[in-house]
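Naming follows writing order (A, B and C), and every chain is counted from residue 1.
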Amino acid sequence: MGKAAGFTLGELAAALHATLVGDPGRNVTGVAPLDAAGPDDISFLIDPRYGAAAKRSRAGAFLVGPDVSALPGPMLRVAAPQQALIDLLALFHPAPPLTPGIAPSAIVAPDARVDATASIGPLVVVESGAVVGAAVRIHALAFVGRGAEIGGGSILHPRVVVCAGVKLGRGVIVHPGAVIGADGFGYAFDGQVHRKIPQVGGVIIEDDVEIGANTTIDRATLGQTVIRRGTKIDNLVQIAHNVEIGAHSIIVAQVGVSGSSRIGRNVVLAGQVGIADHLTVGDGALILAQSGIARNVEPGERLLGTPARAVVQSKRIWVVQEQLPAMARRLRAAERRLQRLEGQLGIAAPEPPRPETADDER
Amino acid sequence: MGKAAGFTLGELAAALHATLVGDPGRNVTGVAPLDAAGPDDISFLIDPRYGAAAKRSRAGAFLVGPDVSALPGPMLRVAAPQQALIDLLALFHPAPPLTPGIAPSAIVAPDARVDATASIGPLVVVESGAVVGAAVRIHALAFVGRGAEIGGGSILHPRVVVCAGVKLGRGVIVHPGAVIGADGFGYAFDGQVHRKIPQVGGVIIEDDVEIGANTTIDRATLGQTVIRRGTKIDNLVQIAHNVEIGAHSIIVAQVGVSGSSRIGRNVVLAGQVGIADHLTVGDGALILAQSGIARNVEPGERLLGTPARAVVQSKRIWVVQEQLPAMARRLRAAERRLQRLEGQLGIAAPEPPRPETADDER
Amino acid sequence: MGKAAGFTLGELAAALHATLVGDPGRNVTGVAPLDAAGPDDISFLIDPRYGAAAKRSRAGAFLVGPDVSALPGPMLRVAAPQQALIDLLALFHPAPPLTPGIAPSAIVAPDARVDATASIGPLVVVESGAVVGAAVRIHALAFVGRGAEIGGGSILHPRVVVCAGVKLGRGVIVHPGAVIGADGFGYAFDGQVHRKIPQVGGVIIEDDVEIGANTTIDRATLGQTVIRRGTKIDNLVQIAHNVEIGAHSIIVAQVGVSGSSRIGRNVVLAGQVGIADHLTVGDGALILAQSGIARNVEPGERLLGTPARAVVQSKRIWVVQEQLPAMARRLRAAERRLQRLEGQLGIAAPEPPRPETADDER
């Protein structure tokens, strides 16, 4: 999907504000990792651990940071190579051109307001009163419910569902199959059945949020479920009703956040983490993979495990756990040795600790 | 999305069978939580922990239980305020009117039987032999497979998939993206490859079940996967082939129930719980979040953790785990003290316990 | 959904290469489990634990292995009854006939290459440059992106999304709602915001892979995400960018595999397992349910738990954990006994071990 003609290293150096070490007339036609790159590709060395791979690479040129030298080819040197890699990839893989207009097979309600610069793909449904902003791309088979709003420049990939009344800011990207604004999970048991509590609130997704494939973000019971600016959410994540997630947080795949919990800004929830309901996770907290959070988390805390504890503490406990069977044997041996010593000294055996079965009472 | 004209407190008192303390002519136009409500809203105080928030609230009226008094505004007093809140929300947010008929863009097989009072939205597919009952709402882009049946009053939200032959009872609600009746995960390894075991059974969803967004419920290998009456299933839940879930159970988001397991009635499986295959979970059991169930569960058991243990026992173990590194040090210290005492008394050191590496054999 | 006319036992014996004990003219019209089968059904006894149920069964005939006898009806005896059951089910439940052609409501780009023997269902979207092979079945509401390729004999169930450029081999089955080729989850924090790293790689799904409902498999950042031949993936699984999964592996529901990890061949990842990024799981490894893998796994290892340990070791630790509260009490008692002995012998108390709070430092 690259740009066949490619770029000269001189052109790339100018575009990336890079210092070129090598021939500015040399042409490259693609970007590839160190081990896959050939002479027509530019590769990159961002993590110094890959230095040896870079020396072996057949790449025609290298994007590198300030401290790299002695690679087998021309180098484009920049201060922040990972940021420059983003620009490099965007040069070789520009977004496909936007073709404004509504596909003939799309079903757009007469009173929906679709900006003239937006692109509505085949078999898309846009319901009554929905608002679609400038340069929005709505891909095939997506659904925009009654009164929903899609901010300028946003992208709804194929088969996204944006339910009635949900509001997306500008530059939001939603991946296939995500569902934004389904009913929250709320019932009141009346002694016989679980009666459904009407879920009449909304969802607000702020600017520059990205939402992964098949992720679900429920509407609030009352009020709003809110995802703040710049937060990135991976695939198959569950965000329950009335949750609020602060700006610039990272929510990795298969995380679940239960109802009414508030996640701060710059938080990282790693894969498969679960957050119980009505909790607060402070700004900058880091929750490692699979952890289960059942209490409030202070800003900047780094937690691991179920129950979640400070990372270093959980790891220390895990190490000692390995010795647990041996500790049980050693404790029994110590008790026997104590008994022998007490016998030797004629000391009465102490009252034994309560039996283990005492632990089983409820 | 509320009813702009609103209701007088007198009208609400009549509708909710409430005792009104205040002016029956006063009008409210919406329902809002205590902290968000303004003078035109009615709010509610169900959980006494929010009493202080209620006293601060600017709400124009309050729905309250029997023991509440001294709030800064008129009160509608009822015996069961949470149940009354459901009625109140339904008054202000009535279901949108049902428009019977089949959207011109829907693809409905000629031999499908669609009740004249059902509503089939745009770009819906209803395959051959399917049966759609009275007052059913099938929203845009949903799919109803060959021979499937949708009972009266059920709602399929946008983009639901109901596969061939699946049977839904009356009043079932299915949220966007849910897939009911995909093949179960069954293979037989023939020494070379995993051969697919045809999954030729069905799925039965009884009356008043609700199924969350992007949840998957697989068809049985033979026989039926069954979800009994009134059970509520949250988002991103996996129900494997031949599972049976009893009536009025609650299955929270991201739970997985493995093949052929039988979950009782009035069971609660909290978020991210996993149930292994071919197990029985008794009526009324409560399994707390993230627990892993690898054995049968008795009726009424309350379990937590992996491995799952009685809640109180798991919590006690978790508390002691925090001391585990210290316990390891204290045990080593005790052994040294024993050695010193034994030396003092001229007692031969006992045979040491088996080395820890003995724990590593398989 | 069976074949109403059925088969004689003679016909079945010939088709299954079975030895018939009983009347070859007897007719059966369906396959059913032992407890549900009636006189017109053939049942099966594969697992000897169900011998008693077989003796009670009302089935009209039984498919059995070499060592079974004395059942209450005719027997079809085969060397490998589970394999024969697959053939038996396929006889009674043949795949619905393939009707080649493109449904009038499907939107197929003029330059897509769709084989004349392929079947494209209603409201399917096939974008520009896509290639659809012989005898492929693409069911209703599915999406095949720009330049994607679907190998011969593959089945895309309703509402599958195959994104641009993704390549599926022959005989691939994809269940409803699965998303193949959404963007990987990659960002670079620039000090202010998480900048999106363009995800410009692809996905390769080799022959005979099966992918479950609502599962997500992300495209690579650069290069390819690869699922090798014959691997079976259950529902709601997350496969991140640049992952490679070897041939004939089994990935059970709700598993998550993080970016760039390499899973070997003949691996089993049981339900809800999480694999961290950039790891290697060796051929033939078995990871039991809910385990969290944060290190490389050797070929053939069998792991359980978080942190994952050898199955037997995790189970032994779990057993000892139950005694942990009692061990804490017994250790305190032993320390008191030591103190008493030391006092008796006039030995100075040793320096106490470091206080527990020392464990809490970061």
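The working rule: contacts are C-beta pairs under 8 Å (C-beta built on N, C-alpha and C of every residue); 3 or more make two chains touch, one makes a residue touch a chain.
Fair warning: this is a prediction, and the values are worked out from it, not measured in the lab.
Trainee: Specify the angle of rotation obtained when superposing subunit B on subunit C by their C-alpha atoms, rounded to a multiple of 5 degrees.
Mentor: Between subunit B and subunit C the superposing rotation measures out at 120 degrees.
Trainee: Could you label the subunit A-subunit C interface same or different, taking same to mean over half of its residue numbers are used by both chains?
Mentor: Counting shared over all numbers used gives less than one half: different.
Trainee: What's the distance between the Cα centroids of subunit A and subunit C, rounded to whole Å?
Mentor: About 24 Å separates the centre of subunit A from that of subunit C.
Trainee: For subunit B, which residues are shared contacts with two or more other chains?
Mentor: Residues 123, 141, 159, 177, 214, 236, 254, 272, 306, 313, 316, 321-322, 324-325, 327, 331, 334, 338, 341, 345, 359 of subunit B each touch two or more of the other chains.
Trainee: Flag every residue of subunit B that touches subunit A in the complex, lowest number first.
Mentor: 1-2, 31-33, 36, 80, 82-83, 85-86, 89-90, 92-93, 96, 103, 105, 121-123, 140-141, 157-159, 173, 175-177, 208, 210, 212-214, 230, 232, 234-236, 248, 250, 252-254, 271-272, 289-290, 305-306, 310, 312-313, 316, 318, 321-322, 324-325, 327-328, 331, 334-335, 338, 341-342, 345, 347, 350, 352-356, 359
Trainee: Provide the residue numbers of subunit A that touch subunit B in the complex, in ascending order.
Mentor: For this pair, the touching residues of subunit A are 107, 123, 125, 127, 141, 143, 145-147, 159, 161, 163-165, 177, 179, 182-183, 185, 187-188, 190, 193-198, 200, 214, 216, 218, 222-223, 236, 238, 240, 254, 256, 258, 272, 274, 276, 292, 294, 306-307, 309, 313, 316-317, 320-327, 329-334, 336-338, 340-341, 344-345, 359-360, 362.
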